[in-house]
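Following: one structure in structure tokens, then a few remarks.
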Amino acid sequence: MQRDSFSASPAPIQASKTLNRIGQGRHFLQIPGPTNVPDRVLRAIDYPTIDHRGPEFQRLGLKILEAIKPVFGTVQPVIIYPGSGTGAWEAALVNTLSAGDTVLMVETGQFASLWKKLAEKLGLKPEFITGNWRRGVDAQQIEDRLRQDPHHTIKAVCVVHNETSTGVTSDIAAVRRAIDAARHPALLMVDTISSMGSVEFKHDEWGVDVTIAGSQKGLMLPPGISFNAVSDKAIAASKTATLPKAYWAWEEIIAANKNGFWPSTPATNILYGLAEALDMLFEEGLPNVYARHKRHAEATRRAVRAWGLEILCENPAEYSPVLTAVVMPKKADGSYYNADDFRKQILEHYNMSLGMGLAKLQGWVFRIGHLGDFNDLTLLGTLGGVEMGLARCGIPHQKGGVQAAIDYLAN
Amino acid sequence: MQRDSFSASPAPIQASKTLNRIGQGRHFLQIPGPTNVPDRVLRAIDYPTIDHRGPEFQRLGLKILEAIKPVFGTVQPVIIYPGSGTGAWEAALVNTLSAGDTVLMVETGQFASLWKKLAEKLGLKPEFITGNWRRGVDAQQIEDRLRQDPHHTIKAVCVVHNETSTGVTSDIAAVRRAIDAARHPALLMVDTISSMGSVEFKHDEWGVDVTIAGSQKGLMLPPGISFNAVSDKAIAASKTATLPKAYWAWEEIIAANKNGFWPSTPATNILYGLAEALDMLFEEGLPNVYARHKRHAEATRRAVRAWGLEILCENPAEYSPVLTAVVMPKKADGSYYNADDFRKQILEHYNMSLGMGLAKLQGWVFRIGHLGDFNDLTLLGTLGGVEMGLARCGIPHQKGGVQAAIDYLAN
Amino acid sequence: MQRDSFSASPAPIQASKTLNRIGQGRHFLQIPGPTNVPDRVLRAIDYPTIDHRGPEFQRLGLKILEAIKPVFGTVQPVIIYPGSGTGAWEAALVNTLSAGDTVLMVETGQFASLWKKLAEKLGLKPEFITGNWRRGVDAQQIEDRLRQDPHHTIKAVCVVHNETSTGVTSDIAAVRRAIDAARHPALLMVDTISSMGSVEFKHDEWGVDVTIAGSQKGLMLPPGISFNAVSDKAIAASKTATLPKAYWAWEEIIAANKNGFWPSTPATNILYGLAEALDMLFEEGLPNVYARHKRHAEATRRAVRAWGLEILCENPAEYSPVLTAVVMPKKADGSYYNADDFRKQILEHYNMSLGMGLAKLQGWVFRIGHLGDFNDLTLLGTLGGVEMGLARCGIPHQKGGVQAAIDYLAN
Amino acid sequence: MQRDSFSASPAPIQASKTLNRIGQGRHFLQIPGPTNVPDRVLRAIDYPTIDHRGPEFQRLGLKILEAIKPVFGTVQPVIIYPGSGTGAWEAALVNTLSAGDTVLMVETGQFASLWKKLAEKLGLKPEFITGNWRRGVDAQQIEDRLRQDPHHTIKAVCVVHNETSTGVTSDIAAVRRAIDAARHPALLMVDTISSMGSVEFKHDEWGVDVTIAGSQKGLMLPPGISFNAVSDKAIAASKTATLPKAYWAWEEIIAANKNGFWPSTPATNILYGLAEALDMLFEEGLPNVYARHKRHAEATRRAVRAWGLEILCENPAEYSPVLTAVVMPKKADGSYYNADDFRKQILEHYNMSLGMGLAKLQGWVFRIGHLGDFNDLTLLGTLGGVEMGLARCGIPHQKGGVQAAIDYLAN
């Protein structure tokens, strides 16, 4: 059959042409996720789509569902959804809670705030421990609050492991100890969207009930799938919780997963990528992966300090291994040099994407992602781009940030 | 950095090895979706992931959101979710309805039944017009029922355009006329998961309020994204509906889409594929695409009849252009030759996946998908595989099915 | 750096757009090579190019050079060139012969004729045993000729294992026996360009001195690399032969290959593909690969006979397992229906490429390739396209060719 | 058909596993070619192989053959071979020369020496103007020599535009002026293997007769195809030259190219890549491409000087825009720190390949490639890897090389 043209057709999109407008050479995707997807994973996801009810897919499904567990530090089921991290947030809540339930959340930054907003939309009553967006969770505050909840009105404690908006981590084991110290039955739910696969996480050992994760950060995949790891206690809660749930309902998925299948159509090709990414993580060795992220984070902070800029995170014990949020210097008039203009210059002149300051950080904070498929030289290119951007935009700084990173990394 | 091995690591998955166990040559993926993904689309989805908040992605987003509209036959917004078709079903309901609302659904087959079950899980009250799984929607029944609903208890009429489990289509324009004839304000929601991009659909002209679609059928993409096209009336309903909604909520998405963005992270790489698939559909011309599917369906039915087998769909006016469900012949003892054994033999010997009979059709019905990226020769290979399978399994049939298809196609 | 436009630039080529003008669905590439390249091989060749002097490439090189040997049936070196099959013909001659040397060649068809022409261009004196292009090599003729060469003027006997232009194979073991019977020291050179990887070949056992092969046929790769397998006797000849040789010279390549390297830059990415193709051949098992080609060839011939058309190859013992050349029927006026018009219609209407009749076969012969990455259903699609083309072009034939193939294959 | 295992099969190669042994993150391929192949080109080369005699390929061929010309600075034919740069050297000589012809060559480094050796193997008599491998061609020496050749024994002058072994360029226009000043009819042949696409070149304006190029450097392709651009005078010479030629013969190729075809099978998939690479070069604009390479070369030299290391090229006017060869510092005992140990450490610890010192430069020179698909940040990563390597290996140097590059690039 010859192709006819269709008079009412829109102009061709030509995706590769539409996308390739800026710069030459490889793009540096240094937002804190999506991260640079490894070539091996990209090749895996373009393998032809197959029957998701057939024996070949079944073999793959069974292997993936088993291999994903050590990354989460669990022997429990890990549920995989076609969906974004936001979807996995929703899944955690609708499976375990009922309309009007109180949940204790902690304002570590924009993502904690968005999760709280989502809880409200779902008809829950989040109680928000406020924060200054420069520190992680204070486990003592949680313990104190839970001790004042003798009737166990609070059904869940929800915290973010790594706040993508601020570059601040929280001590999840300490939160578990706090809950236990208060002898409170609340579920512990942890958002690991930007830490999973990059920062050590122990779902079982730390007594987490629901771990929420996404594909596009440390797991080195394109966005499109997200995760819930669940404890027995969470599963038990899901049997009685009454928020409406269907797409996100764990029960049917866990049952079908036993045979390597999913009840509704899984995102076949992203799962191919997940298989490859898991192979890569285990080839490198998870402890090496975690150490690598810490090392690159330290190198980044040394660069930031050498430039004379301020790291947003106030507490060194809570520095994020996966991103560093940086405060722009101030002008004589007390206003900040504009972070978004700065990022725009860097994108246009150096073909690098940096993360913007979100919500109340907008305009005066930028974020450097140093996670995922990444190595020393990519980091030096990244930091070099920041230092050149500072110079190009006339932003007051000391030279030598890249040098400081080199000095640290070379040892 | 050298890669260490990690003692507790699982065995490597080796996706390409895990997947490649059956047969040589190209697999024939003739289930009624996921369909054979064109090479151009596969190459598009493995283009490196980029910043979903940057100007390059914005350009792509704006183009996609505009080009998708003519496929749905609408000038209204088309919402794209990371998620499966099941998710898009849920999205349609939670955006527009409130707990306890009555919805009128029609039992055209397994997918209509699953949608009804999903509605129940969400706390709705579906009223189910029963059916024999061999016919489409009877618009008169809908009209009759709505006329008996003077207080407008029924909030929505939900029908499936193309029943993937049976190969039967329904006349959507007739359903709209029925609703109008009954002067009933119920929303009209249509599942086009297996018809969109293959069968003509006119969201605006037919007065559909929510059109639900998926990526992995006529749109020729891997599974992973799904769609809601919405009318003004549906959007209005979403302002007052009270089912909890967050991830699926249209409002924020429509607002962000105006600038080419999404509120939560979109499935970047599948969207690359969508851009390419849309280009392909318009290059061929939508009328040509629809005509091609009809022609392949007719050729398939001629083969089925030549074999002396029965087509599940009873009403020729409702034959599906995208798949044909076939009834297995009976043995002397009155039982059916087993459809699943038959499919298994075909998979193992001829490297082709056929669709199974679902639910009450299991074991005695199989389905031939002839949709998506497909041409005359692929169809002949497909039908040849079925005819060889019949011979190999000793299933009584007349030879000459492929010949009948050739005779039809060659003219 | 922003991209400027350059006033004198040519219009963009847009390869994927330029290539995608004909038809929808997957193209059927049924010329007798290049063949359909498997998805696994295509993915392998787009892996990033690496340092061809580094340890990673070395590992790959050593493995490939070892694994290729069983396909050629040799334990001797197999030399791999960036180049086409024509280059490998030249390599065989310039390494072993001197200006003015007589070589005995056999006119089995167009490729034998081209090889002869190439020998002339290089300053050799080919003696050509003529043929009717419908039969393979007559070993007795070779023996007779060699017996009449008491002074061993003839330095080499050059034959084509599978004549790609005619679909006729030759018995190489018989040629060796003929040479030995004549007690003649001539080298035996065999063109296996369209047989290697599809038809059993035993370089060592059959006493072949130089085996010439290419990548784009049974080895399932894109064109771009070609091969010489060599005997000790051939290597010895290369030490004294005086035709100028540099690029093609075996010596340096064999030496460098010992360490997994090449003296000049190898075609890295095609070699990635070769590694994958070798894995695929051994996964299927070489005996299975050879049996598969024979079975598909027989099915094709049954179809041709059912159509009432004539197979070009006159001798059933010499039927090619990889392609079938078919004679067009004649019109009332004694002229042939035009084969090229026929192929053009099939390309435009059924998205399939068939091989043209070459040289004196042009216009009245077409060729069906059934080699490489291929299976039963692809064959049925292929034959279906031929049968539909016959009908569409009004070429007299009996129906039932595809049916004959089905009947054969299903048993 | 089920896959059987074949008892005598070699172990699977598993190319992607075999290749992925070193490091994580993207490899930095900073040898002076093969260069980093852009993602767009890699995707292009894995598009399915098609019929090289069909209309789709013809369209592509015609476009490529036209678009390649401005890169060579010519309106004459550019011949494309499946083959390496070495093959294109051979092609230039065998097309235009006869056995025993004298050619004047200039010892600019290892590649000039290899070309001379190749000329000898082909039976030519190269006369070699010796050099110290740290300077380019001295046009005056050529002029002087040609003036002493009144009988025009010298048939060709062969020079290397960019010596890949030394990082030294030569002034081709000056060589042409020298030949003209001597009123000598010798052909001018120029090796642009490592400059084409990166350094401005004007085949026509500079009066070059044969320009030799390869795919794997500035043209950003994998290795596998190479080029001869030819003048009318060269074509005229090819009519009478008597070195045996067949595979490399221009005549047939030029004739077939007029219709977009090639006489023997072209390297289809690499040509897809060439189409994409040409689009990319023109999108950036050739003047921008050339300026970019110069700028990165200057930044690299500033880094080298800041480290206190010596640039091999002695003459600033001849600095290469595509690579910089660097001399290792000496130890107290007068011996050099070992360049190969240094490169090995960098490969293992920083996942970067640097070029080795070739032939007499081995062990005391290393080479940094800064050509092809490359940008400022990739350069900073590259230089950072060198600086870290110097530190890690305890090689005496000043810190601040990367800083010097940043200071230069940021302005």
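Every chain is named by a letter (A, B, C and D) in the order it is written, and numbering of its residues begins at 1.
We adopt the following convention: contacts are C-beta pairs under 8 Å (C-beta built on N, C-alpha and C of every residue); 3 or more make two chains touch, one makes a residue touch a chain.
Model, not experiment: these values are computed from the prediction.
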Selected pair, greater C-beta contact count between A-D and A-C: A-D
Interface copy of C-D among B-C, B-D or A-B, judged by whether over half of the contact pairs recur: A-B
Whole-Å gap separating subunit A and subunit D, where each centre is the average of the chain's CA atoms: 43
Distance between chain centroids, defined by C-alpha means - subunit A, subunit C (Å): 52
Residue list for subunit A, restricted to those that touch at least two other chains: 1, 3, 14, 16, 20-24, 26, 36, 39, 43, 46-48, 283-284, 292, 349, 351, 375-376
Residues of subunit C that touch subunit A when the two form their complex: 1-3, 14, 16-17, 21-24, 39, 43, 46-48, 348-349, 351
Interfacial residue positions of subunit A with respect to subunit D in the complex: 16, 20, 23-26, 28, 36, 38-40, 43, 280, 283-284, 292, 349-352, 373-382, 384-385, 387-388, 391-392, 399-400, 402-403, 405-407, 409-411
Sites on subunit D touched by subunit C in the complex: 1, 3-6, 8-16, 18-22, 26-27, 29, 31, 34-37, 42-57, 59-60, 63-64, 66-67, 70, 81-87, 89-90, 94, 99, 118, 121-123, 214, 216, 222-225, 243-247, 249, 263-270, 272, 275-276, 278-279, 282-288, 292, 347, 353, 356, 375-376
